[in-house]
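One chain, chain A, appears in both complexes that follow, with chain B as partner in the first and chain C in the second.
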Partner chain A sequence: MSETRRPRLCCHWLHACSGCELALLNGGDLFLGLLQLVDIVHFPLLLDYKYASGAEGKPDLPAAEIGLVSGGVASKNQLEVLRTLRGQCRILVAFGTCASHGGIPALRNQWTAEQTWNTVFQEDERSCSGEFEYEKWLDRVYAIDEQVEVDLLLPGCPPRPETIVATVAALAAGHQPQLAEKSVCEHCPTVRTGTGRMSVRRFLANADYDPEAPVDSMRCLLEQGLLCMGPVTVGGCGGREMPLCIRARVPCRGCYGPVRRQGNQLLDLLNVLASKGIDHRAIVDRRSLLRFSGAHGLLKPNIREG
Partner chain B sequence: MPQVISIQPVTRIEGQARIDIHLDDAGQVADARLAIDALRGFEQFVIGRPAEEIPRIVSRICGICPWMHHLAAAKAIDCCFAATPPPAGQLLRELCHVLAHIHDKILHFFFLAAPDFIFEPNSDYSVRNLMGLVQRQPELAAEVVRMRQLGLAMLERIAGKATHPVAAVVGGFAKPMTEQERQGLLADGRVLLDFACRALDAAKKQVFVRFAEEETALGAIRTGFLGTVDDQGNLRFYQGRLRLMRPGGDTIDFAPSDYDRYLAERTEPWSTAKMVYARAWNEGFSLDLEAPRGVYRVNTLARINVCDRIATPLAQAELEAFRARFGRPAQGALLAHWARLIELVYACERVLELLADQRIAEPLVRTPAEPRAGRGCGQVEAPRGTLIHDFTTDDNGCIVRANLIVGTTHNIAPMNMSVHRAASTLIDGGRVDAALLNRIEMAVRAYDP
Partner chain C sequence: MKKEPIIIAFCCNWCSYAAADLAGISRLQYPGSIRIIRVMCSGMVHPDLVLQALNKGADGVIVVGCHLGECHYLKGNEMALARAEIIADTLEDLGIAAERFQLVWVSSSEPERLVAAFRAMSERLRAGRTPEIEAKEAGQ
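Moving on to the complex of A and B:
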């Protein structure tokens, strides 16, 4: 073993889609460079480390200086693995929006786990799969900081590859990573005049813009009457350049989560609309404003819907 | 004493799974299963959402193939709202779809699967992976990484956001392509095609040569196949009819919207992953290794088996050579890797075809839609297999019912058979080691679950 050991990196996914891990690989040359700075000790997508042998095996995860955990927590098994990771990793990072705020999977917090089970497994299939197992699933989808102490949130759906690599590199060097703190609008080049339509419409026809002209000649989508979550969403998706959805001329839906760690994207957006004099009643499915941040008890089952 | 050997987690696959091998008193394999425990709930939480938002929500089913879900949903919602995209909108969607296949196939083959063949079977797990490949063949690794980057960069230029995309919208596409962009993409597409051809040649020398030996070690299964073809029987990824092939080669074709007449879903108590089987064969469902019932495979090998031909010349030549050697249908599980690289060549050729069609750069990319009650089925071939999204909307254009059959779901049943077969063939008297258990995982990796 070499005397100056490189920091060890442990990557694990929980209630997740593997998009965050892919984003790290999408760093390409940057990812290859990162391999020179850290030793990967666990990363199921790439490395054959097995943490359980035997059916009842407890998770046996390696110690690491840096742990990246993607996904929220939805089952007892995931919770056990998460607690083990917390114990084994000196710095634990919530990797992506699901780990940080629940992400899309936390949309199911509008229903109980059992209701979801019953919808997904229709009656005829349930006869084979058995009944809902309370001892297996948690009551809802949690962000990981609801269950263990987390040292850093690295949100994004997925986070930007350059940002992931820079964050891990900074942590490996013992520095504090630099992450965006302002909203998506900070780097949005669209034209804002302070006035606009007094209502919001559904995104059923494209925004008004000249495809041959640069984006900085396009009017702000919110001012065009399209619901855009940019003002209440933390930036960073486009790096120092324009946000990714705006590059496609499509409004933001909030995938990096709230600007402040404890923010509430639904309330924050209603405030923004009120301050601009925009009527919020036109919004269909208002709870979708928590599309990416429904953990932390923000999305709850609607009792009336039973 | 009976015993269970677990492999947890199954690694170098694009999701989460566990293998449980049940041994009897004599240490022989009594059963072996691939279990996936997840309760994601997409079919629940899309309920009540405005349908036009769905393509941006269901993309999160899979971070590796978000384009597949994004586009299957967009096609389904088009049907719900009776909105027909203009030609440029259709072409841009298909171009993104095919490009997404390209970076996915490069990832799976080189980053996940190839280390099993490039390194010695008994090599240590700390070496038998992408990082080991970077050490041993740095030039190959660097080129593979660069080509994946190129495919992703092309997607970003067309669609802004490449992972968890947003550019496919009900009625078409959000942003037209300029003529200048089209020319640039054509040049890059030629680079990708050149790489794909070289990758296939290299794989024949370095990887496929080990297949005969490994297939013998893993044992065989015999199943049917499902994939997408056009009216002439050509391989298709984005649009076409579904073709279900019996293990012996007989086929029936049907419209994707009729899927529930030909296929059915069920679950087993040991896994929360549904399994799909061929209802049309009227033989029920069984994972019996010697006499399976209703079991078919999807994914690369299935598509290569069910199509009569491939409409692009380089891929067609490879298909003919493959068929001359392995027959039709080819049953060897590892041949899915070979089929994957034939499809990579096809995908690159298809990118050039689509970009050569000047309509792709027309400015009209979207037909405005009106919310209404309807039902829509959207189907595409994902890298992992046939993907079906089926949505029903209410008068306000919000979702009231959803059924999703993702590629891996079709393959749960045959993957279980492959795992069982491999475990039974390899394990004798309860003796296992790391190399043996990795071989069992290789049977799973071929499916790219």
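Moving on to the complex of A and C:
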């Protein structure tokens, strides 16, 4: 009896922190169930073997049906690996917010590569490691869909384990994965009255709530004057339940990236404030609203400083 | 000779679009590179539209609405004003010179005012060594 071969899964990281991979492992039993559905052919966090240099020093990666790529692209090496992955994988998934929107590493797009190099990698640090070769840097940090064609964006910092497993399982079965498409506010249970403070408090300020009472009796954090990015951030962080940060009674940080693929979290959030008549000038460091989605040319070096 | 700067003008149906019509009837001249887009209210021009226009190659964007207090929808132009403030503040954050965006109030009986605004913006952008262009030229 011949068993049909399971789809192969290739999981690689680029300019990333490995948090997305760990989230997948955190799935526990779900992850073990996934092993029944796919064959993992490449996964640097789990499998230890040489892959970096095949013939002529090219990255040597196995072919696979499903490819998960976490992290953005910041160097020529990463770009080469990404292109190889695109060639080897039938379905390529941008895994996590860094891959889909730039994520935290794309914060450095606020400065030129040269400024970052001079500020972060000082003289004596440079000699420590050959890893940081300035010549191999790209001019900025890119999301992977800026460089190659990507079939699916799976944002999250990190994505929920059950979402990752469900997505891979759906792809393995040949279905279209079901991902959240609405904003965090759609999943948020807090009380909205339509009116609120007309200014923005600092992020460090605490929300007003009764710790004994459930979250759904708490007032909307944006209406309390806390800069919650819920309206401009795609939901899904809480799974079927309420968003994670709201559960902890702090405002949404925007880690799942914009609601629409082309959205601009900074401009959209200020637009929300403007339409409510809230003074946006109270926000300290506006550009940090793009803290998770600075790729796609959204964060640029300041033209006045150039 | 430098080419005419392309300017996207979002004109409110009730005032400035009528003013543009009147400018045509009155044979007032303004640069041909201005592309008018009629909208029902200046307040409906989402900041994303302005940013998209600038990112896709427009040299400038001008939003034209009714004078404050004369909005057909009562408060639409106040929304436009609030949005214009965030656009002006944010463009610099996003690496675009704030001079490339402007908000003007024009009533339907003021075609001269509309044409003057169009001309002034076109002049400014053509002469306009915006910091962004300067930075680009210095980089080359």
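Rule of thumb we're sticking to: the second predicted complex is superposed on the first by the 283 of 306 C-alpha atoms of A that agree within 3 Å, B and C clash if a C-alpha of one lies under 4 Å from a C-alpha of the other, contacts with A are read in each partner's own complex, and residues count from 1 in each chain.
The working rule: a residue touches a chain if its C-beta (ideal position, glycine included) is under 8 Å from a C-beta of that chain, and two chains touch if they have at least 3 such contacts.
It should be emphasised that the depicted structure is a prediction, and the values quoted were computed from it without experimental measurement.
Put chain B and chain C next to each other and count what each touches on chain A; the higher total goes to B. Of the two partner chains placed by superposition, only chain C is touched by A:286; chain B is not. Once the two complexes are laid over each other on the shared chain, residue contacts for A:247 go to chain B alone; chain C is not touched.
Touch criterion met: A:270 reaches chain C, while chain B stays clear of it. After overlaying the two complexes on the shared chain, residue contacts for A:301 are found with chain C alone; chain B is out of touch.
Once the two complexes are laid over each other on the shared chain, residue contacts for A:256 go to neither chain B nor chain C. When the two complexes are laid over each other on chain A, chain A has no residue in contact with both chain B and chain C. Interface residues of chain B, counted against chain A in their complex, comprise 4-9, 11-16, 18, 20, 37-41, 43-45, 47-50, 52-53, 56-57, 60-64, 66, 107, 111-112, 125-126, 128-131, 134, 141-142, 145-146, 148-149, 152, 156, 159-167, 169-171, 174-176, 178, 265-269, 272, 274, 363, 365-366, 368-371, 396-398, 438, 441.
On chain C, the positions that touch chain A within their shared complex are 46-48, 51, 55, 79, 82-83, 85-87, 89-90, 92-97, 131-132, 135, 138.
Residues 263-264, 266-268, 270-271, 273-275, 277, 280-281, 286-287, 297-304, 306 of chain A touch chain C in their complex. Of all the residues in chain A, the ones that touch chain B in their complex are 13, 15-23, 25-26, 28-29, 31-32, 35, 40, 44-55, 57, 74-75, 77, 103-105, 107-108, 110-111, 113, 115-117, 119-121, 124-126, 128-130, 136-137, 157-158, 202-207, 211-212, 237, 244-250, 253, 255, 284-285, 288, 291.
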